[in-house]
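By letter and in written order, the chains are A, B, C, D, E and F; residue numbering begins at 1 in each of them.
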Amino acid sequence: MEGIIALYIFMLAAFTGYEVISKVPVILHTPLMSGSNFIHGIVLVGAMVALGHAGSKLEMLFGFIAVILAAGNAAGGYVVTERMLEMFKPSDKKESK
Amino acid sequence: MEGIIALYIFMLAAFTGYEVISKVPVILHTPLMSGSNFIHGIVLVGAMVALGHAGSKLEMLFGFIAVILAAGNAAGGYVVTERMLEMFKPSDKKESK
Amino acid sequence: MDFMIKASYFIAAGLFIYGLKKMSSPASARDGIVWAGVGMILATLATFFHESIHGLTNYLLIIIAIAIGGYLAWTSGKKVAMTDMPQMVALYNGMGGGAAAAIAAVELIQRSGMNFTEQALAVVGGLIGTIAFSGSLIAYAKLQGIMRKTIRFPMQQLLNASAFIITVILGLVIAFSGTDYGLGILFIFFLLALVFGVMMTVPIGGADMPVVISLFNALTGLAVGFEGYVLDNPAMMIAGTVVGSAGFLLTQLMAKAMNRPISNVLFSNFGDATGKAQDVSGSMKEIEASDVSVMMAFAQKVVIVPGYGMAVAQAQHKIWELVKQLQERNVTVKFAIHPVAGRMPGHMNVLLAEAGVPYDIIYDLDEINEEFATTDVTLVIGANDVVNPAARTDPNSPIFGMPILNADKSKNIIVIKRGKGKGFSGIENHLFFADNTRMLYGDAQAVASELVSTVKEV
Amino acid sequence: MDFMIKASYFIAAGLFIYGLKKMSSPASARDGIVWAGVGMILATLATFFHESIHGLTNYLLIIIAIAIGGYLAWTSGKKVAMTDMPQMVALYNGMGGGAAAAIAAVELIQRSGMNFTEQALAVVGGLIGTIAFSGSLIAYAKLQGIMRKTIRFPMQQLLNASAFIITVILGLVIAFSGTDYGLGILFIFFLLALVFGVMMTVPIGGADMPVVISLFNALTGLAVGFEGYVLDNPAMMIAGTVVGSAGFLLTQLMAKAMNRPISNVLFSNFGDATGKAQDVSGSMKEIEASDVSVMMAFAQKVVIVPGYGMAVAQAQHKIWELVKQLQERNVTVKFAIHPVAGRMPGHMNVLLAEAGVPYDIIYDLDEINEEFATTDVTLVIGANDVVNPAARTDPNSPIFGMPILNADKSKNIIVIKRGKGKGFSGIENHLFFADNTRMLYGDAQAVASELVSTVKEV
Amino acid sequence: MTLKVGVISETAEGERRVAIDPLVAKKFEKIGVSVLLEANAGKDAHFDDAMYADVEVIDSATKLSGQVDVLIKVQIPTVAEVDAMQNGSILIGTLLAHKYPDVVARLNEKKITSFAMELVPRIARAQSMDVLSSQAAVAGYKAAIMGADLAPGFFPMLTTAAGTIRPSKVIVIGVGVAGLQAIATAKRLGAIVEAYDVRPETKEQIESLGAKAIVLEISASGEGGYARELSDDERKQQQQELAEYIATADVLITTAAVPGRPAPKIIPEMTVDGMKSRAVIIDLAAESGGNCTLTQPGETMTHSNGVVIHAPLNVASQVPIHASEMYAKNIFNFLSPMIKEGELALDFDDEIIKTSLLTHEGEIKHEATRKQLEGEA
Amino acid sequence: MTLKVGVISETAEGERRVAIDPLVAKKFEKIGVSVLLEANAGKDAHFDDAMYADVEVIDSATKLSGQVDVLIKVQIPTVAEVDAMQNGSILIGTLLAHKYPDVVARLNEKKITSFAMELVPRIARAQSMDVLSSQAAVAGYKAAIMGADLAPGFFPMLTTAAGTIRPSKVIVIGVGVAGLQAIATAKRLGAIVEAYDVRPETKEQIESLGAKAIVLEISASGEGGYARELSDDERKQQQQELAEYIATADVLITTAAVPGRPAPKIIPEMTVDGMKSRAVIIDLAAESGGNCTLTQPGETMTHSNGVVIHAPLNVASQVPIHASEMYAKNIFNFLSPMIKEGELALDFDDEIIKTSLLTHEGEIKHEATRKQLEGEA
């Protein structure tokens, strides 16, 4: 990919991340941290590719580690976030609008 | 540019535009419309390129028209927006915290 | 050089987003346009060094064109009256759409080796840009009073739809035929698009024009974004798309503020306010609490007119909280108590005292009636009869002759009530239909809480 | 196929953004994580068809690795106690950072024909990812209680800085040397990065860990984004960058909520809460309004003890507003009035009546003292002597023998006062030092407003 | 010659009000009317003669009455006072014609044009002339104050080192202008307030003051915002249902009235018997006979079980300053529209004038009064 | 044998309180003390004998006094009442010894152990026994109600069709317990309230009730929460500065007192002369001579310029129910710690007992009183 185009994407993505968070209430800080932790679990995709085209044993080793870690990131991130967000279940209590 | 990359850019930009506007108060509707009108004045850049690499007379004619119109868009859009926003001049009023 | 140009475009794109973001908050809006302006200048200057520009003639033409277009727009924009702003926006927006269309035309005429995606987007951008162009000009003409009539005839929508479909088919033909299309078909394509833009706009009434202009603005943005792809210019892509998406959202918000779906504005031919404004009955226009908050927060002077509804809702504490917040922002706030507001002498006094409102910001009718003319926002809370102008104007009204609070004289009037309930005397209130009145529906206490929390956020 | 994969990535990226957006509002947060999860699954499945994956072994390895990592993380995440969540986030985040670093390692070992930008970003991503990895693991160890000591020694910061600089220099060497670098230097580079991550984290105290974890989270995001570029994977680029930028903002917000600049958290070694809590004399522990709001909003029963400070601050209206909000959430709220609260008989009654508090939720000492034991949160507002346990326990105290409100018997006590001011009788109050007491400093009216607005957001 | 408006001292016993206060006097001067004032007419309302700027102060009421075009009074004049007036001049006041037929007869004889303020119709435009409302507001406020003063206990709740005092309960019967004001004032003082009226629309009004409405099964709304009279059976049912509530009251304020009729007897002796010994009844309806059967208008008596029944007359007069100010303002709002460029210009088709006109050019214009007088003759 | 506590009717003129209310009587029974009550002792406070459950009602005060261990009174007994008591028994009441030396002498002769409630020290633990505070709170409330009742105008602001009524201004001088309560009550009624006290810490207290503090240049805080007396010069300066504020008042409530001394004369005739004719002064300090030089304790008089000066005595007695309840509670809180398992167990080292003890075993324990009596002897 052309570097400048990547730059555009980085800029837009950064702006998007900033905007999405900027109005968040304090009680969501921790769940959001956890949620975004899950999202960078997409590194799994990269790890799969890296392991997938690994040639040498060393590469394979690192690739294997990468996938394990990445899978842990994704799976663990999801579970933990889901559990934290359980308390925001729409209950009988009135939602703040 | 690769089409899929363009799609990413379109998506991110669209999301950005949406986010930026989504919490805007009614009194800013018109100024914002005007401001975004100014921003698509960037078409001037394209018009310049189009006229710049125009070959035939017809192309030149359309290119010339394009630049005039685009320049009008940019210049007019700026002036009008600036004037509308004058009423939001920071006065002696306290800023919200 | 190429890198510098690209960097400039990159920075410009960033500045546009940044500027737009700033423009979306009242406190920073003015900075926003300036930053966006800086981006524009940077991008324009950089483009002079663009590799694909060649030939002195072309350079000269560019400079001349910029000078002409820029000068005319700048001067006209400078001297136009504030009340004529909307049509100027329409005009400049139309120019942008036209420019995008002209770029498409140049590229399509030149057949400059585009791949399919590029060619298709050139066509789509050209179509959209052209519609935005001619449509905006019509909108301009209508608002400017050049074109007074709202043309409507039977089967109009059918005709419009046919025109649109034919144009789209032509576009498809061009897009799919590689470089095999002739100039003729191109000409017809653009012509039809122009005509369609005119046709879809003429039946729409003046009051709906802002919504329509916003829509065209979004369309122009899209067109610019697409042409940006054709020219491989990410700054145009981003700026155009951002404006496009922001513009669509804005259109929706504006339509909502008028309490109508967009489709209704565009197709039903219902919203003909030119006709309507002359119609005495008028309509009640709703408003959101958050917008009222912004209005009040940036006002110099706010007058609050409480009535029986405030008492019924027991909203006095909330209202006083709201007032304290406004005062913190240096807004002058006064309470205007009508002699017979409520259901007993001094009803409002009792409630305001209960809430702790100090006496020195409470004014009675004689003291405050002169002041409405210099009031930015009058907030009417559950009052009805006591602000009913019929008492002054309509000799047949049962309340004729009763002195009323001249809320109608102030610049903006916000009325809080639950619905269409009448007051004690059971008559209609024309104040609610006035141009500068907005209705904020809901129980006074609930609405007041909402105002309290939204003012905090302004 | 290629198109399908790309399309899946595209959709996944969109879903991530959409999910994150939903997660930023309490009402929709739960949907958010689900949508993001859908994106993740889509992207993962699509990747199995990725062209660059070759060889059955590799496929098998991938599946095994996913199974191991996924299973362990999933089960551990499921069964961990709610109170241990923060360290789990640290752990998983460290894994993500490690994965990014490992990817970098693979690519750098493989020397897979990267151009300069790619190679540079691979190095940077590797560096950041490694730091996030080891740092997060230390954070995990600290919170989990595996590593109890906060290691500090003189010149520590200087040492850390040196380590960092050396690592960066090595990285530069690798990035600039094309394919000419040896495995050795790569090894040292990663090792140093690992060490630095540990070194920068060990001196930070447990109380500051959430901020640090958030920072590492942002770093992991960045690393993922950079490796995404290396692998030409826009979904990774976008997801990583979004998380990176959101994470930095979040870090800042969290530090601000603790009333400290980030630099202070990272470098000053100031925030050592472990050491503090063991101090026997007891200390006053501060708390944020927003946390008090959450406590109260999710409580069954809240008792409010107003005192002279509420009168001085004239906070009664705000307090009543707060109570109404809690009531709306089905929290039982009672006011406990001490016979001599304030400065005159019935002082509190007058104020509460003014605010409109109905009599039936106002209780006097005899009626309510039994109830404190079953109270989740007792909110003491500008009261001091009337909740001073010394009256029961310390025969030498001037207030010994005075009946007091047994606020100290309740599960949590929140005390609102401006500072360390004494009450009427001028004596210390041990209640303020109790384990289950938290101090919420500020003028009672200002604090009450803050509570009102933060309760709304819960 | 400018129009002359005159004000003389009120001679009725206990009457402390005056028909025009200094502010309104000035307003009259401003529209070109000269005001004549009997010396010390405003003294009881704390308006010294000196406070009336530009007013001609005249020693004797007789002298004054003989030279004014319009004589303004609070209460109906005596026959002697009427005698002192010019033939054909105008009289404005609260005339309560049915109570004083002889005065009306004399007014008629002297061809005096007399307006009874209590007859002003209750239309929106005339609200500012409505003396019934303005004086009732004063009375309602005062009733609550009297209740607090006579009660042997506190109104508000008070948590003190010497125990917690429970708030008093105040019950208001009859929620017209006076009743609402009494509710508001008692609430302010911290009492628990409940109120009852036969008209169902009062429920919302009671609640709009933060008090609790007592809802019985009986309704009796009549025309024009007034209540209609109840049938005997209905009244009995009302009494019984109410008695249960009233038994819990510490202070009972009754204001129920039906215009032109004796006040409904809502509180029979039995109900009083059921009340607490500490209870106090303020019967504002005393003027028209009282809502309580035990009420002795103008007296304060203690019932056998200790309940004090206070039945004050002319309560507004006990807050003479503001009662006078409001009365004067009512009069001004009534009279000033009839004055065009300093001259009287009566439009006898105007609803307000038509309805409030008692006698004019030797005719009794008010139906009920004419019938009453003719019946007599 | 169980301890017997007796309560007899108050005989002082106008006194409506009773020393024990039914609730406290029950509390006494609960801790094993039997209560004897003179028939109808609580009648004026609306406590019928029947309301006292399990209490022995006795017809004659003399008979009763002769058989109780502890006699409880509100005010000091007469010499005759003391005579009826058993030798060596206990008396509790507000004894104001310096005013009644003969009674004290007789108590001493009969070796009666007497406690003067007004001498209970103002320490935190004794707040619940503080009769000065509890009765002052009642008086402060009542003063504001009296002010509202006597004032010829409205307290609150009222915007009506008949004009806007401006709120009254109430000024409170002396911001102790009674003053604060008066401020709170007047504010509730909607008046604009300003207040003044020599002790500077009252400023914050005044503001904590939402009223405005008047700040002069003079300060006079003394020890133990009481005020010290001012020098002549200081007093003059105070008077002058205050007079300007007072001139704007519609109701003036004065409660300034210096314990054991005549009330400071803060309002000289000159100040009253400067007041509005409609103004009303409620001089709560009348008991100790009044804060106004014109005050005639127990009387209501009208000054030459129309200002009404109301100087009620024993105001708490006008709210007899709650004043009695609070007094009784105070007594209970005072007496019950001395009772261990139904027996009296006096700890004469206890600060409260020591300080409030007037006579004991034939000795006058209160310094000032002894000096006064010995000086006499």
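In this text, a contact is a pair of C-beta atoms (placed from the backbone, for glycine too) under 8 Å apart; a residue touches a chain by one contact, two chains touch by 3 or more.
All values reported here derive from a predicted model rather than from experimental measurement.
**Q** What are the mutual neighbours of chain A and chain E in this structure?
**A** C, D
**Q** Measuring centre to centre with C-alpha atoms, which chain is farthest from chain C?
**A** So the chain farthest away from chain C turns out to be F.
**Q** By CA centroid distance, what chain is farthest from chain A?
**A** The most remote chain is E.
**Q** Identify the chain pair with more contacting C-beta pairs: B-C or A-C.
**A** Between B-C and A-C, the larger count of C-beta pairs in contact belongs to B-C.
**Q** As a quick test, compute the distance in whole Å between the mean CA positions of chain A and chain B.
**A** Once rounded, the distance between the two centres reads 33 Å.
**Q** Where the centres are mean C-alpha positions, what is the separation of chain C from chain E, in Å?
**A** That gives a centre separation of 56 Å.
**Q** Could you put a whole-Å number on the gap between the CA centroids of chain A and chain D?
**A** For chain A versus chain D, the centre distance works out to 17 Å.
**Q** On chain B, where are the residues touching two or more other chains?
**A** If we look for residues of chain B contacting two or more partner chains, we find 1, 5, 8-9, 12-13, 15-16, 19-20, 23.
**Q** On chain D, where are the residues touching two or more other chains?
**A** 17, 21, 234, 238, 314, 339-340, 345-346, 350, 353-354, 356, 456
**Q** In chain F, which residues are in touch with two or more of the other chains?
**A** If we look for residues of chain F contacting two or more partner chains, we find 127-128, 133-134, 137, 156, 158, 160-163, 165, 188, 190, 210.
**Q** Please give all chain pairs that are in touch with each other.
**A** In this structure, the chains touch in these pairs: A-B, A-C, A-D, B-C, B-D, C-D, C-E, C-F, D-E, D-F, E-F.
**Q** Give the list of chain F residues in touch with chain D in this complex.
**A** By the definition above, chain F touches chain D via 123-125, 127-128, 133-134, 137, 140, 177, 180-181, 184, 188, 204-205, 207-210.
**Q** Mind listing the chain C positions that touch chain A in their complex?
**A** 6-7, 10, 13-14, 17, 21, 234, 238
**Q** Would you tell me which residues of chain B are touching chain D in their complex?
**A** Result: residues 4-5, 7-8, 11-12, 15, 19 of chain B touch chain D.
**Q** What part of chain C is in contact with chain D in the complex they form?
**A** These residues of chain C touch chain D: 314, 317-318, 320-321, 354-356, 453, 456.
**Q** Give the list of chain E residues in touch with chain F in this complex.
**A** Where chain E meets chain F, its residues are 16, 45-46, 48, 127-128, 130-131, 133-134, 137-138, 141, 145-146, 148-149, 151-154, 156, 158, 160-163, 165, 185, 188-190, 276-278, 306, 318-322, 325-327, 329-330, 333.
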